[in-house]
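Okay, so chain A shows up in both of these, paired with chain B first and chain C after.
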Partner chain A sequence: MKSLFKQKEFSILAIVLLISSILTFVSPVFLTVGNLLDLIEGNVVIGILAIGMTLIIITSDIDVSVAAVTTAVAVSISYLFGFLPDSWISVLLLFLFAPVIGLVMGLFNGLLVSKIEIPAIVVTLGTLNIIAGLVLYITNGNYVNSTSFPQSFLSFSNIEILGIPILIYLLAIVAVGTWFILKHTLIGRSVLAIGGNTQSSVRVGINYQRVKLFVFAYMGFLAGIAAIAQTAYTKAVDPNGMIGLELTVIAAVVLGGANIHGGRGSIHGTLLGVLLLAIMQNGMILARIDTYWQNVVTGAIIVIAVSYDQISYKRSQDKLANIEVEA
Partner chain B sequence: MKLSKESILGLIALGTFLFMALLAPGFLSSNNINSMMFQIPEFGLLAIAMMVVIVTGGIDLSITYIAALAGVGAALMLTNGFGIFPAIIMAILFALACGAFNGFIVSKIGVSPILVTLGTMVLFEGVILAITKGSSISGFPDAYSLIGNGYYLGLVPFSIVIFAIFAIITGLLLSKTSWGRRVYMYGSNEVATLYSGVKNSKVLMKVYLYAALLAAISAIIMTSRYNSVKVDLGSSYLLQSVAAAVLGGTNIHGGYGKVIGTIYAVFVFQFIRNGLNLLGFHSSLVDVVIGSILILVLTMNFFSDKFKKKQEQKNASQAA
Partner chain C sequence: MSDYILQMKNISKTFPGVKALDNVQLEVKKGEVHALIGENGAGKSTLIKILAGIHQPDPGAEFYFEGKDAEIKKPIDATLKGVSIIYQDLSLFPNLSVAENIYIGRDSGKKAWKKVNWKNIKRISEKALKELEVDVDINTKVEQLSIAQQQLIEIARAMAFESKLIVMDEPTSSLSSSEVEKLYRVVDKLSAQGISIIFISHKLKELFRLSDRFTVLRDGKYVGSYDVDTIDEAKLVNLMVGREVTYEKNQSQVKTGEVIFEVRDFSKSGNFKDISFQLREGEVLGITGLVGAGRTELAQSIFGINKKDQGSLEIHGEPVDIRSSEDAVKKGVAYVPEARQTQGLVLDQSIINNISLPVIDKLNNKFKFIDRKIEVEMAQQYIKSLDVRPSLPELPASKLSGGNQQKVVIGKWLSAQPKILIIDEPTNGIDIGAKTEIHKLLRRLANEGIGVIMISSELPEVLAVSDRILVMRNGKISGEMDVNQATQEKIMNYALGGNGKQHESVVIEKEKVSQEV
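So, the complex of A and B:
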């Protein structure tokens, strides 16, 4: 029980609960099932992307092309709608095609990072430019709305099970699946090992290049799923709609306690990070804070969170050193 | 004959210039050359600022918002009846405040620069939005617009002169002063630098202040050229400036980077952008080309390094 309180995720949970209770006093609307479900459903895309980003950040890399990849897959989906018949099979096929398209783009990033050894930030900056440019060129920036979507997809996106929208289940499946990979598979353990100490993990026989390839490919795969979620949620495809979203995703992962130097990070932490950002956005709207001030608050919270994290990390390192001296 | 990385890039820049001159109609017209000269300084200053930060192994994602905030500072002074000189001072002060904030958290608290500047990027954007309410500030005095649009001796744009001066200053600072040497030392090995008696935090603080200063100069040129300022002032230059620094040979892990390389890279980008525009390419395809070049150059670097290593091994084994 004591270790539970010491966990970093616990302090994020405490902040989430604190803000939630303040918001409940500020606005009676906040703590209603409807508002909370809306809030989560609206952040499914960020959640799915943040889960993929967690794995990358654990291996101390970064991927700034996620929003562009997701948009590219979403645009591909809107073209696929033209070919697929209007039936349930199409929706299933979509869940096959979209992740594969994302996977291919993720593999491209992964190959450049692992085999060609170009730093991930540069690679993904390059692919961000390439993919976003191509998407804008092909679509001409045009918005595709739901009139051209097949009826089966629209009814899929409106499904509710036990009163909870289908997209939330999708996020839950991705979260549990990724948690399982991270916790119980060889490749997942390798991801954590490489993040913890690259050199010693290579010495015990972990294939560094394969793990790097995996995390970027998996990110692409999840971007494909996120694209379906985005299309289902907005019921439209907007080539300009996700510009800059990668920064929100990274911010959520970092708030959730993943360390950019690698080795630390968890799925539940990341989900709490997403939730924290979402609650803040939602709360500021409910508290009628001027929209222009919202970025100030969000930015300040990110800066405070990462500074606090660093300070507490330094303290724990100092303690470690002390114990060694006493022994 | 052996050429340095930078000279090769210089030749590439010359090559792209000749290539575009041959292919793109009107590339060499005085009008076009002029418009390129007016576009280079604002981007070049931001790229150099980014380069200095990258040499320390960091990155400054907030740089364009620092520029925008500096622009807002100048605009507020100008539209409230102050002169040009106080406006410039105010722009620099705004930027230095931002730089000090970044520098404090990076150097004193020790948070990794990408995270700090990610946060401050959102923060500064928020501050600008809160000040401007999302709209643009415009209507500066004519004399102010001379900075970005005027000519020195009727020939060279003022902005190019300003750019050249700051490029030379940066080059001298990095190569001739002890601060500059320490920046490179910190970038290649911060622990060793600390143990050789260097105050790392001071060096880093100055890096972020200096980058902010360059951003302010860039902002002054931009606001004067556009005669207005908005929250997204120069924001399209963010990723491009990282790309220019990296293409210019700056090591993204720190420790190496030269002003001249970055300037060549800025030229390459400008020639390509301008040439492709003249050739009637869609503007979003230009991004595709720039991204591809970035990745292609680094891939070629990787293979040439590999090739060189093999050659060296061969030579070594032959010698033995």
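So, the complex of A and C:
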């Protein structure tokens, strides 16, 4: 129990609860099932992407191309609608095609990062621009709305089970699946290991290039799933709709306790990070705070969280260094 | 069956520009503790990295495990042969639990999607810890353990692998004396179980306490292997230092000039303690000792980049306060670091740009732009006086040989016209001919009035260049002598705490230190 309180995730949960109770007083609407479900459903895309980003940040890398990749898959989906018949099979096929398209783009990032060893920020900045440029060239920046969507897809996106929207189940499946990979498979443990100490991982025979390739490919795979969620949620494909979303995703992961130096991060922490960002946004809307101020507050919280993280990291390093020479 | 668990023969390793190992051999018998010994840079680490599969030897190398021909291409090959290596800096994962750290690597090479068997991990790690009689909760994260405990976790990992040969690279260098005793007992226990151990250490006393046999390396060459009862400390020191390449010892008279630089009571917790010395005009002061004795840390503190706890400095009789490298440069102190490629040079830039770097703000013309003409003239002057070859001022520094790169680094600092030049391992990784040139250059600078402090592990170099020599051990000055009284053996004794009597006092000192902190 003691270790539970010590965990970083616990302090995030505490902040989430604190803000929630304040919001409950400020606005009676906040603590209603309807508002909370809306809030979560509206953040499913960010949640799925943040889960993928968690693995990348654990290996001390970063991927800024996620929003562009998701948009590219969403645009591909709108073209696929033209070829696929209007039936349930097509919805299932979509769940096959979209992740694979994302996976291919993720593999491209991963190959450049792991085999050619270009820093991930450079690679993904490059692919961000390439993909975003191609998307605008192909679509002319045109918005595709739901009139051209097959009826089967629209009814899929409206499914509710036990009063909970289908997209929330999708997020739950992704979260549990990724948690299982991270906790219970060899590749998942290797992700944590190379984040903890790359040199040690080479010495114990972990193929760290393969692990890096995996995290970027998996990110692309999840971006494909996120693209379905985005299309289902907005019932439209907007080539400009997700610009800058990668920053929110990274912010959620970092708020959720993942260490930007690698080695630390968890799925439940990331989900709490997403939730924290979401209720802050929601709360500020309910409190009628100007949109511009919302960005300022969100940004400030991210800077404070990362500074706190960096300071405590430095302290722990100093402490370690001292132990080594004192002994 | 062979008596030997491991035989390595004809091991050579060439790094660009340097032959790190030249036809070295190493033979370890089953169940013995085998000491691998040599000075800093003798090639011990390179040899171990070849055994570990991290470096590949030059063609012609032969490996035999238990008498059978073997190949080690990557780390997993060594692991599968039953070789575990415990590096000085350890190979642990601070963010993972003790259990996982012990188990990790066993599944390497298996399918990525293989499910991790937590029960198995728990069972294996608990068993290994029990065998070692270590009382640590297997769910603790390794970052919460002390260094001594971490080391035991590494040994537990080796046991969990059922290793037949464990290499320990200076395992006692960061342990307190009671922890050291415990480690000795573990080593005894392992060898009683038939596990062979290669033990690398600079502490002669512990090697005589633990080892059955010694293999001595010197300058990347194999000197010999000796049974413990055929050798004593004096002979061992002799084998370690008696080298074929020697420089002429500096014959200069003791300098009696004015004191130009004085360091008083420098201390930094965990780095060095109570360091005081003076530097006279025209003098080269050599500071030597083992790696980790605190020499570099001291130099960096004088230069202001490693914050000292206390101490004061005087230059030409005037107290100076140096808190940053910027202060140091302003007061006329220059520091040439050991890693000249990463810390001393901008490799992609031309020789000119490198040399003018410290004084670039003084090369302005009347429009406050950099006056390229003055810059080129100044650089050419240093290229000529330091004899940088090829003397092409526009050549990027990366195209120069190690010796010429070092000259550029020195030229760079000379352009700032320092009063004191501190130079760390000036000839590391430089070939013999160029070494002599650098030595002459350092002597010349001293004769021209710059106070030179040279840190070096290479004893012939210390004797060839210095007028006076300070030896450091465990963060303290353990010996000071004029060059005309110095010998390699004498220095080595001060550095190691060589003979029995002195060693007793070291142990006491060390206990005192650990009580203080």
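Note that the second predicted complex is superposed on the first by the 311 of 327 C-alpha atoms of A that agree within 3 Å, B and C clash if a C-alpha of one lies under 4 Å from a C-alpha of the other, contacts with A are read in each partner's own complex, and residues count from 1 in each chain.
One rule holds for everything that comes next: a contact is a pair of C-beta atoms (placed from the backbone, for glycine too) under 8 Å apart; a residue touches a chain by one contact, two chains touch by 3 or more.
Nothing here was measured: the structure is a model prediction, and the numbers come from that model.
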Given the touch rule stated above, what does A:S312 touch, chain B (first), chain C (second), both, or neither? neither
Is A:I116 touching the first partner chain B, the second partner chain C, both, or neither of them? first
Partner, of chain C and chain B, that touches more residues belonging to chain A: B
Applying the document's definition of touch, where does A:Y292 land relative to chain B and chain C: first, second, both, or neither? first
Name the contact category of A:S21: first (chain B only), second (chain C only), both, or neither. neither
Examine A:S148 and indicate which partner it touches, taking first as chain B and second as chain C; both and neither are also allowed. neither
Chain B partner, complex, touching residues on chain A are 62, 112, 116-119, 121-123, 125-130, 132-137, 247, 250-251, 254, 260-261, 290, 292-300, 302-303, 306-307, 309-311, 314
Touch list for chain C against partner chain A, complex: 52, 54, 74-76, 79, 85, 87, 90-96, 100, 104-105, 107-116, 118, 143, 146-148, 174-176, 179, 269-271, 514, 517
Write out the stretch or stretches of chain B touching chain A in their complex. 59, 61, 105, 109-112, 114-116, 118-127, 129-130, 133-134, 239, 242-243, 246, 252-253, 282, 284-288, 290-292, 294-295, 298-299, 302
Touching residues of chain A toward chain C in the complex: what are they? 183-190, 192-193, 195-197, 199-207, 210, 214, 263-264, 316, 320, 322-327
